[in-house]
Amino acid sequence: MPDCDISSFARLDFDRKARTGFGETVFGEGKTPEQLRRIFLAFKAARQSALATRCTAEQADYLAAAGVACTWDPVSRTIVLKGRPNRRIKGLVAVCTGGTADIPIAEEAARTVEFFGAEALRLYDVGIAGLHRLLGRLDDIRRADVVIAVAGMEGALGSVIAGLVGAPVVAVPTSVGYGAGAGGLAPLLSMLNSCAEGLSVVNIDNGFGAAVCACRMLRMRPRAK
Amino acid sequence: MPDCDISSFARLDFDRKARTGFGETVFGEGKTPEQLRRIFLAFKAARQSALATRCTAEQADYLAAAGVACTWDPVSRTIVLKGRPNRRIKGLVAVCTGGTADIPIAEEAARTVEFFGAEALRLYDVGIAGLHRLLGRLDDIRRADVVIAVAGMEGALGSVIAGLVGAPVVAVPTSVGYGAGAGGLAPLLSMLNSCAEGLSVVNIDNGFGAAVCACRMLRMRPRAK
Amino acid sequence: MPDCDISSFARLDFDRKARTGFGETVFGEGKTPEQLRRIFLAFKAARQSALATRCTAEQADYLAAAGVACTWDPVSRTIVLKGRPNRRIKGLVAVCTGGTADIPIAEEAARTVEFFGAEALRLYDVGIAGLHRLLGRLDDIRRADVVIAVAGMEGALGSVIAGLVGAPVVAVPTSVGYGAGAGGLAPLLSMLNSCAEGLSVVNIDNGFGAAVCACRMLRMRPRAK
Amino acid sequence: MPDCDISSFARLDFDRKARTGFGETVFGEGKTPEQLRRIFLAFKAARQSALATRCTAEQADYLAAAGVACTWDPVSRTIVLKGRPNRRIKGLVAVCTGGTADIPIAEEAARTVEFFGAEALRLYDVGIAGLHRLLGRLDDIRRADVVIAVAGMEGALGSVIAGLVGAPVVAVPTSVGYGAGAGGLAPLLSMLNSCAEGLSVVNIDNGFGAAVCACRMLRMRPRAK
Amino acid sequence: MPDCDISSFARLDFDRKARTGFGETVFGEGKTPEQLRRIFLAFKAARQSALATRCTAEQADYLAAAGVACTWDPVSRTIVLKGRPNRRIKGLVAVCTGGTADIPIAEEAARTVEFFGAEALRLYDVGIAGLHRLLGRLDDIRRADVVIAVAGMEGALGSVIAGLVGAPVVAVPTSVGYGAGAGGLAPLLSMLNSCAEGLSVVNIDNGFGAAVCACRMLRMRPRAK
Amino acid sequence: MPDCDISSFARLDFDRKARTGFGETVFGEGKTPEQLRRIFLAFKAARQSALATRCTAEQADYLAAAGVACTWDPVSRTIVLKGRPNRRIKGLVAVCTGGTADIPIAEEAARTVEFFGAEALRLYDVGIAGLHRLLGRLDDIRRADVVIAVAGMEGALGSVIAGLVGAPVVAVPTSVGYGAGAGGLAPLLSMLNSCAEGLSVVNIDNGFGAAVCACRMLRMRPRAK
Amino acid sequence: MPDCDISSFARLDFDRKARTGFGETVFGEGKTPEQLRRIFLAFKAARQSALATRCTAEQADYLAAAGVACTWDPVSRTIVLKGRPNRRIKGLVAVCTGGTADIPIAEEAARTVEFFGAEALRLYDVGIAGLHRLLGRLDDIRRADVVIAVAGMEGALGSVIAGLVGAPVVAVPTSVGYGAGAGGLAPLLSMLNSCAEGLSVVNIDNGFGAAVCACRMLRMRPRAK
Amino acid sequence: MPDCDISSFARLDFDRKARTGFGETVFGEGKTPEQLRRIFLAFKAARQSALATRCTAEQADYLAAAGVACTWDPVSRTIVLKGRPNRRIKGLVAVCTGGTADIPIAEEAARTVEFFGAEALRLYDVGIAGLHRLLGRLDDIRRADVVIAVAGMEGALGSVIAGLVGAPVVAVPTSVGYGAGAGGLAPLLSMLNSCAEGLSVVNIDNGFGAAVCACRMLRMRPRAK
């Protein structure tokens, strides 16, 4: 199998970094392992860092077997190309979850935050059914510059946090739940109707998107001088 | 205007008290003032207590002008016939709201609880955006045998309470809110997807229904000997 | 395979019993057999009773092979740790279904009721398309302190029962049905719009949740003295 | 005001009777009183019977003032031209309602049945929350050739009846109800998901449509010889 | 494998024939082959005819191997017990489809009609995109006492037919279609909003239900003497 | 009231004609009469033709009183500035409706077609419940270069036409209808799921949009030489 | 396997070409390979060109093995019978996509355009998140007589193009996306609510349908002389 | 009318500033003018700045007549108490709209930004149907630290901007639009499914909420030292 051209299936936007300050990334879902390999090689050739989200173990194994130097994380389902870290962004992002089932989405967020050079603080399983768990970690949450609140079921975590701290909160509804409002509809509507202020929302299960929002916020600071 | 028969527009179920322990009540919405007057007279003739919900000031004024001895409450929009109180039910029902806009529904619940002979404890505007307000009233909530949690917007109040106390919680979503999930859909789905246990739900804005559920629970006790 | 720590994937809330009177339980869906084993061992170490719902035969077989002393019920899909029964709660819960396809959800409810120490009376396949079946069991239903009405399709069982008895009724819509309103939407909306009083609703297929509601109601009695 | 032509706003299908056995009718909603007057005159000129549904008192008053000989019924909101009755259809249609709020739709059905020459038996307020009311009228219902079951709220009336009798049942969901499933969605889904057999459904509040279905059924008989 | 009791998983309503004139039937979906075998034996023991719908080839093969004398039709997915035909009902039911993909549902309807003793006339693939196909069969459709119109996609077949003939039309939306309104929503809404009269609707893919409605209509005749 | 600037409430895109070949137009809904007057003056000053849709009689009266020379059509609710006709486009657009209630939307389409210089042929009330009406006008429809099919209720008109002729069909669902699928949802889904080919759809009640599509199609011809 | 008749499962409309100018085609989804083979033979016997959409590799392999001379394209999932090209239609159709995941639907459109004899210009991955990509191809888009805009996610591609060019734009929403609005709902609603003019919409993923619309538009020209 | 207590209808959270850095505000909708007056007096007594949103001219007139020194803006429908400005926050927020109908929501956002002490740059009517308008203002947008993108209809403005600049974008869907996806559903889903990164979303018409999010982002900077 030759190292052929990717133009028939993808058009990488390496110009994005110049426009927005954050480089192109890869949505792994639906791509063949070989397509992913070629894409990673293109990033390498362009001397850019590379992050792929929503990948499978099969894709990761193929890349490893093909000798692409990268790191696979099975919980967040992300693959990162080794050796080209992004410049550091100053700032701390707290990534909180309501339950344990929300952890994969939270890890996608946390690893994206780290990929773009900021620091992530993980605070998992602090949902509102046992409020003492959240209140016990409040000092940690208050240290963060931005909070990402990841929750399924009734999705109230972000509202409770936004009422307790002054940092901007990005809420991520997850598809955890069942019955009425399944697939993430219940937490999505909850978050959009939050009675707390300072909360904005991304699409269901979009941990990556929340992380980019958080990093854009952190990046504001040096530029704004 | 003669005191004519009501059979053309309503069929009162005075037998319900024998079957279920709770007498017939009246849904005032859509009834003419004169229809309501005749219904109240029928209750009086049957020597039954009478509660009408979702009434208007116009209906209440008409009854007063027609000499029907009853009490009108504009917040809960209920009318109660004077002089025929129900037998007392032992027990305390805490009626909590997330915000001030939920108060009319909460009052419908509280007055229905009182109409059926139980005690209601009102705890209003203790929503989760300012958690200290709820935690400050926790001892009061813990005294209650049943909790009715009335909330619009993201509707998380019931979940938080059910995680803190051991009493059964009846959650009432309200139509307070706007945009996505308006009309009560967001809190309804939230409550059905609660990550806390011990919570059951009634229809949007159905304060009356929550109150009857609570009273049936209180009534269990003597009968269960 | 060492008996390692569970903190990376679950945070058990053993404090819940003190707060709410009912101990922590386990939602089996999505957990690996080994995760479930470690969780059961943690319950055992904490000298707590353990109930897991939505389990698979594969999970149960693994636990048995690993020597965890527990009982597997394939219909309700529950696993109960042997040897640590909860204290008895006085009271009888009637668990009724509309059809045979609703039985798995009803069994989840009945076994949860029994796990928490109350008595369950099963009345299955008494739906409204053959009313004689329900009316023939009315005396049994009237003996119960609480009724759990489990129904899919048009979901009218709870309304009919709530009109016939005085006990509180917890209605469980099931995902039994097809076409318009499939997935439990039709019975859920039916139950929320019930023309009968004294009915509250839990999420679709949430037999466990209905049982905890019922047990909280039964538990009211001793505490309320 | 001259008796001008109707062709600019309506094209009456007087040929329909030949094709389907039932003459053209008028949907009154949205028509001006003068338009309605001209339409009635066109029916009269064509020596056809005329029924208008969803009319207002204002339309009826205008017709009366203009000397059009017709009958206005404010409950069903129908207007019938005097003096041109349809030929009789043999057969009895039972029109049942769950509650009193469903009566206007039921009356639209009953009067349409009578307009087309069949007999209607009204059985109102026999909903399932007080089952004795329905069971007490069972002999009457069993006499009918077709049953029209009109219900809002949880909409279970048709299912219960179809399980008790052998006649075809046409179910009409009404927009009576509120909160989740309001506007008739709850009873519509209920009726489509009926666990009973022999039930078909028309659109929400479509009493007229149910009546035409019933009359087509009755009409089958002579033709089928 | 002993011929054990069915009471643990099904409660057959052999009394239904007395109440409604049509015997009990079996919904095959979700039943194990062995459960189905026992149910068929119970019907045989009760000397009743038996029809099972939504069956699989695996169920049919099992019954054949176990020596149960029955007929399997793979298109309609029905199984009929041999040797106990129902009494004949006089009358002809035209079963029409819009496309070829609707045929399985139409066959379920046609075979149910035949099972209950009436005659079915199949008119398939006469949808409105090629109107000549429908108009060319109009004389056949006009001979029918009842029409069952089975259609997916835009679901307009029933409306067109109801405007052309005088027989009652039972419309069956099918889940044929894709994109917006998939799963049968588009034809269901179409049929409920039909601008033609004399049309009633059953649930999506419910060919069986439409057939029972049609047979109840045909059965009216002898009883109505 | 001085003839002041419109820049505070509108930014007219007079450049659009150069880009797309069709000039800017005005959506009248929600604009004050005075705002509309200033906008018309701006068009006049730019020597452009002007069409405003969704206008009210009040707006039209105000313009007339203010001396703006324009034509008001109450059925289509359009206002056209006098004296600046667009250049003629060769081609005929047939505008068909299912019922009389669809006429206002059809007139919006027809007048927009005429405003942009093409010819419109009106064929109203030719819906599928009385197929002879449509088939009787088929020769007229076949003469058209483009067909606009305007229909509410079940919305099948466009599918039937697209199966009979070879011209492109633009389907406009209208909000005519009630109950399930009201507000135009039923015809919209119908049209999107059409089993006929060559049909595309615009938003509910968007007669204007359909007309612009049709005119763009007609305009293709000269340019494509 | 004999070359038997297709009348039991399909009724080909070879008359369609005469009525609409475009021949019958085949929807491959759900057909067995053998059914497809017989259908292709029927087209061949009728000396008609044949296009099948939504086919699988399995179907294509079967046809090849059976000696049917046809071309399989795995991206668009189309099969075309060799040797009977349609007559050429003059005109150029630009087929644009927002992302790479939309390419299969775009290829279905492009190949259908080519099958019917017109020219297709492919412009893929020119979505609005990197506007320079679209603006860089504007001259190409302006050359087209019709534009087909294929997009998932937020579906804004068609609106942007319709604001920039004067050709008619047919927008195809795709099911690319996830979370809220998944399955193509978000781009469908976007396209229907476009603030640009001259845009009409087909069903989700209906590349074939958009192509037929485009070809009907191109075909207008010769006929309109 | 005495200056009585507000505790019966509102519980102001003056502690919020300490917790979150932003003071309490007032949702004016549904409050009586007198209630609003008392609330403003309470803010004044607490020496806090006061902003009320969603107010009416009637409320504003009443406050003015009662001598409360405040500023009313009819476009944004906000009232601000005079004389207690918040401390300045460094930073620029660009507030962009797609059309003119989105301006009231944008003004709510802009005035809230200014109330909390930051600078707002208004860029109205730069929607994507005329892309030159947006591209012509790109330098202005690039100067901003945060962008608020307010859009109805297809709601693509935020996606286009987020692809062009590096600042965080808060998208506000508005209820501008009609037909399918009306009430803001179309732009909400569009924004959640944006193919651009760095975009988060607030509820429909929630200009106030977007502004608080933006101000929290700006506030991060001094604190993060």
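As written, the chain order gives the labels A, B, C, D, E, F, G and H, with residue 1 at the start of each chain.
Please note the rule applied: a residue touches a chain if its C-beta (ideal position, glycine included) is under 8 Å from a C-beta of that chain, and two chains touch if they have at least 3 such contacts.
Small disclaimer: the values here were computed from a predicted structure and weren't measured.
Enquirer: Which one of the chains is farthest from chain E, going by Cα centres?
Expert: With centres defined by C-alpha atoms, farthest from chain E sits H.
Enquirer: I'd like the Å distance between the centres of chain F and chain H, where a centre is the mean of that chain's Cα atoms.
Expert: Chain centres of chain F and chain H, defined by C-alpha means, are spaced 36 Å apart.
Enquirer: Hey, how far is the Cα centre of chain E from the one of chain F, in Å?
Expert: Chain centroid spacing, chain E to chain F, equals 44 Å.
Enquirer: Quick one: report the Å distance separating chain F from chain G, using the average Cα coordinate of each chain.
Expert: 27
Enquirer: Taking each residue of chain E in turn, which ones touch at least two of the other chains?
Expert: 129-130, 162-164, 179-180, 185, 188, 192-193, 197, 203-204
Enquirer: Would you please name all pairs of chains that touch?
Expert: The set of touching chain pairs is A-B, A-C, A-G, A-H, B-C, B-D, B-H, C-D, C-E, D-E, D-F, E-F, E-G, F-G, F-H, G-H.
Enquirer: Provide the residue numbers of chain C that touch chain E in the complex, in ascending order.
Expert: 100-101, 103, 124-125, 129-130, 132-133, 178-180, 182
Enquirer: Write out the stretch or stretches of chain D touching chain F in their complex.
Expert: Listed in rising order, the residues are 9-11, 13, 15-16, 30, 173, 175, 184-185, 188, 203-206.
Enquirer: What does chain C use to touch chain D in their complex?
Expert: 98-99, 127-131, 152-156, 159-160, 162-164, 177, 179-181, 185-197
Enquirer: Quick one: which bits of chain H touch chain A in the complex? Just the residue numbers, please.
Expert: 19-22, 25, 90-91, 145-146, 162-168, 170, 188, 192-193, 197-204, 209-210, 212-213, 216-221, 223-224
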